[in-house]
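Shared between the two complexes below is subunit A, which has subunit B as its partner in the first and subunit C in the second.
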Partner chain A sequence: MKSAAYYTAKKITFNTFVYLFLISVALSCIFPLLWMLSSSLKTQETIFQDMSLIPRELHFENYMRAWTEGGFGRCFLNSIFYTTSVVFGIVIVSSLAAYAFSRFKFPGKNLIFYIFMGAMMIPIPGSFVALYVLLNKLHLRDTPVGYILCMINVGLSTSIFLLKTFFDKLPHELEDAARIDGCSKWGIWRHVALPLARPVLAVVIVFNTLNVWNEYFLALLIFDSPRLMPLQLGLMKLQGEFVTQYPLLMSGLTITALPIVLLYLLMQKYIVKGVTQGAVVG
Partner chain B sequence: MVAMGTRGMIGESTKHTFSLKSFLIYLLMAFSSFFLPGCGSNSSEVNNTNVSKPTILVWHWMTDRQAPLAELAKRYEEKTGIKIKFELYAPSDAYSQKVRAAAQGNNLPDIFGILAEKRDFAAFIKAGHIADLTPNMNAENGKWKNYFFAKALAGNEFNEGNTYGVSAGIYGVPIDVTTIQMLYNKDLFRELGLDPQKPPATFDEFLAIGDKLKAKNMQGLVSGWGEMWMIDCLANNYAFNIMGKDKVLATLRGEVPYTDPDWVKVLSLFKKMQDSGVLANGLVTMINKTAEQLFANGKAVFAFNGSWCVNVYKGMNPNLNYGVMLPPRASDKYPMSIWGGAGTSFMVNDRSPRKEEAIKFLQWFTEKDQQVFFAEKTNNLPANKESIKNIPEILAQFSDDIEYATHPNTWGVSEFPPVIEALDKGIQSIIIGEKSPEQVSQDVQKIKERELAKKKAK
Partner chain C sequence: MNYLKLKSTFENYLFILPAVVIFAIFYIIPFIWVFQLSVFEWDGISPLKTAIGLANFKEVITGDPIWWQSMLNAGYITIIALTFQNAVAFFLALACDREIRFKNWFRVIFFIPPVLSEVVVGLVWQWILDGNFGLLNGWLTKIGLAHLAKYWLSDPATALNTVAIIHCWKGFGWGFLIFLAGLQGIPRELYEAARVDGANAFYCFKNITIPLMIPVIVLVGILTILGTMQAFVLIMAMTGGGPAYHTQVPVLRIYASMQGASRFGYACAQSLIFGVILITISFIQYRFSGKQSR
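What follows is the complex of A and B.
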């Protein structure tokens, strides 16, 4: 018979290892962010010479310079607008499509669904030139509408997949009850399916927000006018072909990362719920 | 039970109806405010249709040169009334995609650059996207052509009977030139007891420094050999030096095997460098940015880098005291060769209604004064040979050796990419002691034969 002290010691040892492991993982995640923050306050020279995380002198003016030299003002507003519009579009279209795929019976349902899933396998850069030519013919090149439509299309497959998986697990009794209460098909989608899918929607929102916020390649291809460019293009201006102004780049990265970090913190509760409820499957 | 539960849920969800509506209204308002001005013609098109004061649109990818380009555009507008609009699209790989896509949609600007191999350059010309500048270059007894270093023009030139099927002519305007050479830290040279005014001229002198480096526990040569193409560059430099251009090109054509003793000799140089200790630790996997950082911070005595490094080192360590030298020659039979030539070139859109104005701007842009200004601001070598007298000394050192410059784009024959890869990886294996020069030469030759057979079968 082992004593209580033995079990306590065993528990403490086990927990120590678990915590040490978790702390090391957390540090490895946080370190790049800390390094980015620290570098954003250094000068171009000290960034290569002073390896400490806490700079001797703090150069907050880097943020102002990054904001003006990267043209962040307009770009920031553009990015907020594109991200909001695209994510809104994806949520509406993918939730409707996923609900239809999950609940309705119509000819070619599986085929259409598999085509959507197949689209997830196509690397987006591979379709850029074709997309450019298509938008050009539709006179949507160099317009926000063209970019937003393309980005909605990019995010649809994964979102439909996530939402359909969730709707498949949703008890049919809930919808039957709503139907008894007089809900139409639209009403069921709006008042039953969507509110219940909030954790999955949070995952869809965060994933797609990240995707649109960090996108620059398609924007660069579609837009010619600098006034339409998103934030990431402003960031690219700070990264030189041979010479990169690292403090400015790091300041720009910090500015760019902030809204995403905030969004994640705000939606953290739902994301964890979404993932644990099986939103991310397969 | 279920119904009640659903009602409760419905009641809860109605709380969100208002917020959803507000969101929709907000979105609609944002859409209308954003799209109404955005859906019209873009600014560049508007500007470009202005007949009295045309605007020349230039696309480029050079983030670190936008400010001097904008300044030159301002000066040109003051002088001529013609507005030049430099539009920056970075990074370079995304820019390349944009140019290709724009070419397919016939949306290329008046002036643009192509970041690709010569065969892609040729494809653009054959598709009618690039104007032949030969008549302009040759006008007034070749006045414009004579501005440039011959090596700078070579990359933009297609000779008679070229393999790409392009009519002979000059299709691009170089705005700067580059050479890839060796650099040495003068302060560390003194520490090693070497004369900073006399960098090693021969390969044996270079190898002899290895012992001094070991004794002082210093790092020797750093370079971006993890990116491979720089290994290829140095290997080709020595191939030209040991066997001459003709034999190197004969190898590319498949007439001389890589198992030839001269090629084994070239590969052996890398083993000798490794054995003597002149190569820095970890060189095989080193990316150029790391190499630049090490050299700029005085952690390595030698570097193998392009002339763009002047600006890089200036940013990393303005007090770095260094000099430029040709790679030490391994043979006296043929001259040492380095890669170099046109750094950045601009092309004129052959379909542009402002083609003549665009050409005139490029003529002005490559005149001596503008080139000196551009070189001073960007620390790049000017393409105009007259400007060399007025540039910083370290840049002048780079340009001094441009007569030794060559580039695969000017050879008229190119090696198969798998062969280049095998050669570069083989050299890496030699450096880490995995393979001997003889083994690598045999491996490369096998791949060469395979590729030649494939080509023949086609």
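What follows is the complex of A and C.
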């Protein structure tokens, strides 16, 4: 029979290893962001020599320069505009459709729903080639409208799925009561269904916000004019220039990453919910 | 009465109309056009399209070594993601499933890389891994390992591995969250019953945790394969596919056929072949998971 001390020692050693593992991975997750922040406060001269995490002098003017000279101010506003428009569009369009799929009866309902769901399962990695041709034909290339519509389409299937599963589980009583009181279908959707769906709408909003804010490739396909570019495109453009201005680039990266990290920290409850629910879809 | 019923059905269609219109224009039409365009030689601008039958497909399969190289690269990154990334994610989830302190903090932190954009992750790591002024080489020199310092992203010997590791860094949080949800779904009574019967921790892990987690492991596996095979923005931001095609992946090749070479038909043929490969892989995995859960 081994002594109690042996077991305690064994447990402590084991736990130490577990914590070391967790902490080192956690540090690797945070450190690149800290290094980005630190680099954004150095100058083009000191950035190549100063390897310290906390710079000797803090050059906050880099952010001013990135905002104006680097063009990140305009990109930032563009990104805000695209993100809010797309998320608003997705909420309206997908909640209307999900509500109809869940509550109404009409010919072809199941077929249409399965086509939407099929889009989530079937990968067509190169459909952007045809999308590019189509947008050219419709004269929607290099326009905000073209980008916003494309991005609404990207988020549609998953959002409809999440909302429909929610409506399917929702009891009908409140809607029946509203109907008896003479409320139209649109009124019930607007004043009963949408407010009740608030928890799942939060998931839809948070996920699509992350998705649109972080989107790069469709923006690359669609936008040629610098004045229309969102942040991700502005970053790649600055990086591609002949001599990369690292402090400026790092300021731009911080401007891009900070809102999304803040949103994540505030809304992480919904993100965890979305990942675990969304995984069931795939 | 009949009129009212008709009006009601019409109204029902109005609810789904916006979604259907957007979906038809931006998903269905491009989907069909990919098939149509794939049998043409077309530069994307000129009104003239030359129908060339299946010549594009033949060229992809027999006459495009870079394409198959890019497929191998993506396969290599996928294998690293399947093994290394998912193993790390699994063990982190196991560690966080226990009674430990700061559990929620770890959970929050591990999902920070996935919420960042691929462009941000790519550019930050490119700066850290920079051959001349990067932090990693700076540290290696400082601790006396200067001979290990490398041009991580522009040396053909290390580029693909470096890209793969950063891809894993960006992606492990997804697997971690799904694994953790799966672990938390295992009833505690099973472990308690096994303990009462005298089973040790390893025995519990092998005979309770692993069998019950198989469906989740397969699910994460499918998501990893589909996600990693199609990943390319991170690579665009870090290496742009270089040095000399060493980090090329299929989607980058499709984009290059379209934008660089202006061969729209060829790009469509590539993407169809790639799509068929992806569907086959996920179908095999799906069948496999069906057998496991039965």
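What to note about this one:
Heads up, the rule we're going with is that the second predicted complex is superposed on the first by the 197 of 282 C-alpha atoms of A that agree within 3 Å, B and C clash if a C-alpha of one lies under 4 Å from a C-alpha of the other, contacts with A are read in each partner's own complex, and residues count from 1 in each chain.
The rule is short, and it goes like this: a contact is a pair of C-beta atoms (placed from the backbone, for glycine too) under 8 Å apart; a residue touches a chain by one contact, two chains touch by 3 or more.
Given the structure is predicted, the values throughout are model-derived calculations rather than measurements.
More residues of subunit A lie in contact with C than with the other chain of the pair subunit B and subunit C. Once chain A of one complex is fitted onto chain A of the other, the partner contacts of A:V133 extend to both subunit B and subunit C.
In the superposed pair of complexes, A:G73 makes contact with neither subunit B nor subunit C. By the touch criterion defined above, A:Q239 lies against subunit B and subunit C together after alignment on the C-alpha atoms of chain A. Once the two complexes are laid over each other on the shared chain, residue contacts for A:A119 go to subunit C alone; subunit B is not touched. By the touch criterion stated above, A:F48 is placed in contact with subunit B and with subunit C alike. Residue contacts after overlaying the shared chain place A:V145 against subunit B, while subunit C stays out of touching range. Contact with subunit C, but none with subunit B, is seen for A:S94 once the two complexes are overlaid on the shared chain. Contact with both subunit B and subunit C is seen for A:Y216 once the two complexes are overlaid on the shared chain.
Counting contacts by the rule stated earlier, residues 48, 125, 128-129, 132-133, 216-217, 236, 239 of subunit A appear in both its interface with subunit B and its interface with subunit C. On the side of subunit B, the complex with subunit A involves touching residues 2-3, 5-7, 9-10, 12-14, 16, 23, 27, 30-31, 34-35, 38-39, 42-44, 61-64, 66, 87-92, 94-95, 97-98, 100-102, 104-105, 107, 293, 296-297, 308-309, 311-312, 315-318.
By the touch criterion given at the top, residues 9, 11-13, 15-16, 18-20, 22-23, 25-34, 37, 44, 88, 91-92, 95-96, 98, 100, 105-113, 115-121, 123-125, 127-128, 132-133, 135, 138-139, 142, 169, 174, 177-178, 181, 219-220, 222-223, 226, 230, 232-233, 236-237, 250-251, 254-255, 258, 264, 267-268, 270-272, 274-275, 278-279, 282 of subunit C touch subunit A in their complex.
Here subunit A touches subunit B in the complex through residues 44-45, 48-49, 81, 84-85, 88, 125, 128-129, 132-133, 136, 141-145, 173-174, 176-178, 180-181, 183, 190-192, 194-196, 216-217, 220-221, 224-228, 233, 236-243, 245, going by the rule given at the top. The residues of subunit A lying in touch with subunit C in their complex are 15, 18-19, 21-22, 25-26, 28-30, 32-33, 35-36, 39, 47-48, 51, 92-94, 96-97, 99-101, 104-107, 112, 115-116, 119, 122-134, 149-150, 152-153, 156-157, 160, 185, 189, 210, 213-217, 232, 235-236, 239, 246, 249-250, 253, 256-257, 260-261, 264-265, 268, 271-272, 275-276, 279, 282.
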